[in-house]
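Heads up, the next two complexes both have chain A, just with different partners, chain B and then chain C.
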Partner chain A sequence: METEIRNKPSFANIRIKLGPGDRVIAEADAMASMSSTIDIKTMWSGGFLRAVLKRVFGSESLFVNEFSTESEGELILTQPFPGDIECLELKGNTLYLQPGAFLACEPTVRLGVGWAGLRMLIAREGLFRLKVSGTGRVWFGAYGGIFQREISDEYVVDSGHLVAYEPSINVRIGMAGGIFSSFFSGEGLVTKVTGPGRIYMQSRSFGGLAAWTNSHLW
Partner chain B sequence: MIEFTCPSCQKHYRVNDELAGKTAKCKQCGGTFQVPMPVVPAEVDEYAVSSAPVAASVQASAAPIAAAVVDGRGTSAILSGNTGNFEYEISQRPDFALVTVKMQQGQKVFAEPSAMASMTPSVTLKAGFKGGLGRTIGRALGGESLIINTFTADQGPGEVTFAAGAPGDAAYYRLQGNTLYVQRGAFMLHSEGVDLTGKWQGAKGFFSGEGLVLLKASGTGDIFFNSYGAILQVDVTDQYIVDTGYIVAFEDTLQYRVTILPGLRAGGKLKSFFFGGEGLVCQFSGQGKVWVQTRHVHSFLSWVHPFRPASKN
Partner chain C sequence: MMGELLFSGGVFSDAIDGGRAGAEIELLPMGILARTPDGKRFEVPYRECQLEIGGFSGWMVFCRNRDRSLTIFCEDRKFPSALSSASAGILDEQLNDKLKKQKSESRRGSLIAAAVLVAIVLLVVGGYFGVRAGARAAVRAVPTSVDREIGAMAFESMELGGPELDDPAVAEALQSMIDRLAPHAALNGMEFEVHVVDSPMVNAFALPGGKIVVYTGLVAQAAEPEQVAGVLAHEMAHVTLRHGLHRIGQALGLAAAVNLLLGDTGGLVAKGSDLFQLASINSYSRDQENAADAEGARMLHAAGMDPMALTRFLEALKEEKGDLPGVVSWMGTHPRHEERIEAIRRQAAEWPKQEFAKIDVDWADIQELAK
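After this line comes the complex of A and B, so read on.
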């Protein structure tokens, strides 16, 4: 199965060439176009219960589509918002994805929901996080460009900028500065991540876009 | 495209035709040279910026120092360098520019609220009214926040990344005792040594509506500003006209005057009214640089607005 991410970083999309026996699982609305030789099977995202949990708490879709073919064909997958897409090859390791980041994976990748903790609700990052594990490729997207940091001890990420992180990363919510500074700095609550491990961030946030738009509407 | 090598260090360059005859600085050895004239008849470069207007040349780059020479893919390159104060990198260009600043212990950076995307814990964030009451109100008149965030690397060296809210590019400018005017909302961050105040536009500001509200940055230091869309740097040598909504920043060596677009002048206010409030332009004269953004906030909003949910009472 040959894959390629094109039109980075603004309008990134995944082009997948499927051969006989190849299968790809993708978010319900991710398919933009495909060859007519490709079959789609819609299924509950990780089982019924998990799908409902993810839908209600993780703002992921209820269903995922499985694409396969008996001959060969091409498939284009996209994401709802402008931005970058990253591909990661799992080799038995695990990755946590923030709600909305998951796009597609190979069927050997296990999709699960993990409890992120009540504190994440306070930070409006979502109560649940998506847990991807196993072996195979997984694709996730972001609004903005994706950049990563290898964290050895601690790092501060503004809320809304965290996209994905390894399970060795401990995430907690903190204030950007003192009480006055946190309130007036416009940063408010931030995510404090403790390593060692790798985190993926997006260079724009929905909150930032909304604030920019609203500041010009009066 | 013009292909040539630096006369002193033999570094290979490919630059756009517009740069022919210009003096540029080598990225590698720092030596200055003149870009040669194109040898072959100019071929069309898909990334090149469209034709330059009379008496002004446009180049698709943002930083005045690092990007005097544009690479083959134009604006998509990562801009990085050392400002003398700190190392910086502008990545994810031009769509979602991210400014990374690497600070030494004890260094300070001053930024627009909510511009921070991430930072090391060795950096402390403090919000405050900087520069006294007059400056604070000046900034508010300039359309920026009353508050300026101070990032201090007080617990060892650290890095801070900054991102704007709007999709677009960012650029770096080094102030050397001169003054730079920055359009409302375009200011991102500045280093120590830069003085940021609001500039009361008087009648100029009044007539241009929300189109031209400026911040004045002066002193010696670094300033970063962002745009909605890509940033074009224009070297004005005589006269140049920019729609007020597209101005990002300009040097104060330029005189400027806000007027109605020359073509609309005959019909006066009426024509301008039917034009939907558009048609206000800034007329620059003299010598200096203007940075122009390739998208307009208000055009975006009027495109988006009909789709926004509205509560009907």
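After this line comes the complex of A and C, so read on.
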């Protein structure tokens, strides 16, 4: 299976060349185009109950599609908003994805929903997050560019910019500065992450877009 | 046997492509061994091991070698105690120290989270009442010309449910009662003006600024002019107490508070106009009805008119409710009339006994015109 992420970073999409026996699982509605030789099978995302959990709490769709072919074919997957897509190879390790970030994975990757905790709700990061583990490649998308950072000590991320993080990352909520600057700097509450581990961030946030759009409506 | 020796966890190491991998962790007699899925082996001897505790869950244990180039980590809750016994106690000091620190930190974290939650709740509740109080103060600061404008606007756009009565005699008779009451109003600057609508509904209402709408059904229903004067005084009290503006202010304040909380500015305008409709003038709260009763009775008494006439009207409505379908409307918007009758009685009992001048209109004539 040959894959390539094209049109990076603004309008990234995944081009996958499937050979006989190759399979890839993708978020429902992620397919933009494909060869007619490719079969598409829709299934509950990890079983009915997990699918419902993921839908309700992880902002993922109820169904996932499995693409396969007996000969060969090309598949283009994309995400609904402008932004970059990142590919990550799991080697038995785990990654937490923020709601809505997941795009596709190889069938050997396990998808689950985990409780993220009240602190993530306060940080406006959602009560639940998607947990991807096992071995194989995972593709996830973000709004804007994706940049990653190895964290060893403490690092500050504005809320809404965290896309993915490893379980070894500790996440705490803090104020951006003192009381005054926290309220008036426009930063408010921020996420403080402590390593060791890696985090993935997006260079734009949906909250920022929504606020900007709102301010131009009337 | 020292309990479990196999756990699942992971490794950070530059020797792995990508720097990390999941691993099966085994506690050997001399050190911690991690095996990655592709068969690589990593080991940290206990005597070199530098421990740290953290991760998202707060109980992930990190074991690092001396130059920190290798980290083996495990999130299993049984791992710390297994590590302690497998290492024959040489890691206990580090382990206890870090666990204690982690515990106090997580306790502090939950305290902060609880404090933030409480603060949010307080902000919501405080914001709501603050905005309501602010709305009350704002109404006081608004000039009465605004009341008149809102009233005029509402009157124009309103569906009255019938045409205005052609013959001005009925309106003139009612206006004469209002003119007697007006000098005793609690607030200057209102221009009381009665409109009589030809409709069998037994209803009357007031708009901000002083427009009062009376339906002919109410005139026909009242056995004596004093009863209508009682209703008019009640409606005038709504005007002078500016209940309409208070309702609008509260409704907008609530919408603003919701908006502040949920950050939905887009819906504010739509919601505001909805609430304006909802709060529109004819639906007052219980407290406002009671206040209008008391203030209306005071005005009647001050103008030398019988304040008990309103209670007689309410009683007549109560008795005839079954026969008259139209009665429901004034009753519907003015519930609990028995309590109200009692409250007006108590209020009137405190005033010295007084002879009330009869209202000088030929009531039978007026009722005939209103039919």
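Criterion: the second predicted complex is superposed on the first by the 214 of 218 C-alpha atoms of A that agree within 3 Å, B and C clash if a C-alpha of one lies under 4 Å from a C-alpha of the other, contacts with A are read in each partner's own complex, and residues count from 1 in each chain.
In this text, a residue touches a chain if its C-beta (ideal position, glycine included) is under 8 Å from a C-beta of that chain, and two chains touch if they have at least 3 such contacts.
Because the structure is a prediction, the values reported are computed rather than measured.
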| item | value |
| --- | --- |
| Three-chain arrangement built on chain A, chain B and chain C clash or fit | fit |
| Touched partner set for A:A101, first chain B, second chain C, both or neither | neither |
| Which of chain B and chain C A:I14 touches, first, second, both or neither | neither |
| First (chain B), second (chain C), both or neither touched by A:M31 | neither |
| Contacts of A:V109 with chain B and chain C, given as first, second, both or neither | neither |
| Chain C versus chain B, contacts on chain A by residue | B |
| First, second, both or neither for A:V138, with chain B first and chain C second | neither |
| Contacts of A:K91 with chain B and chain C, given as first, second, both or neither | second |
| Nearest-approach distance, in Å, of chain C Cα atoms to those of chain B in the combined model | 5 |
| Intersection of chain A interface sets (partners chain B, chain C) | 211, 217 |
| Residues of chain C defined as touching chain A within the complex | 10, 12, 16, 18-23, 36-38, 54-58, 60, 62, 71, 73, 75, 109, 112-113, 116-117, 263, 265-266, 269 |
| Chain A partner contacts - residues on chain B that touch it in the complex | 91-92, 95-98, 113-121, 123-128, 145, 147, 149, 161, 163-167, 185, 297-298, 301, 304-305 |
| Interface residues, chain A side, partner chain C - complex | 89-94, 96, 118-119, 122, 133, 135, 150, 165-173, 194, 196-198, 211, 214, 217-218 |
| Chain B partner contacts - residues on chain A that touch it in the complex | 9-10, 82-84, 144-145, 147, 149, 153-158, 161, 176-178, 180-187, 192, 201-205, 208-213, 215-217 |
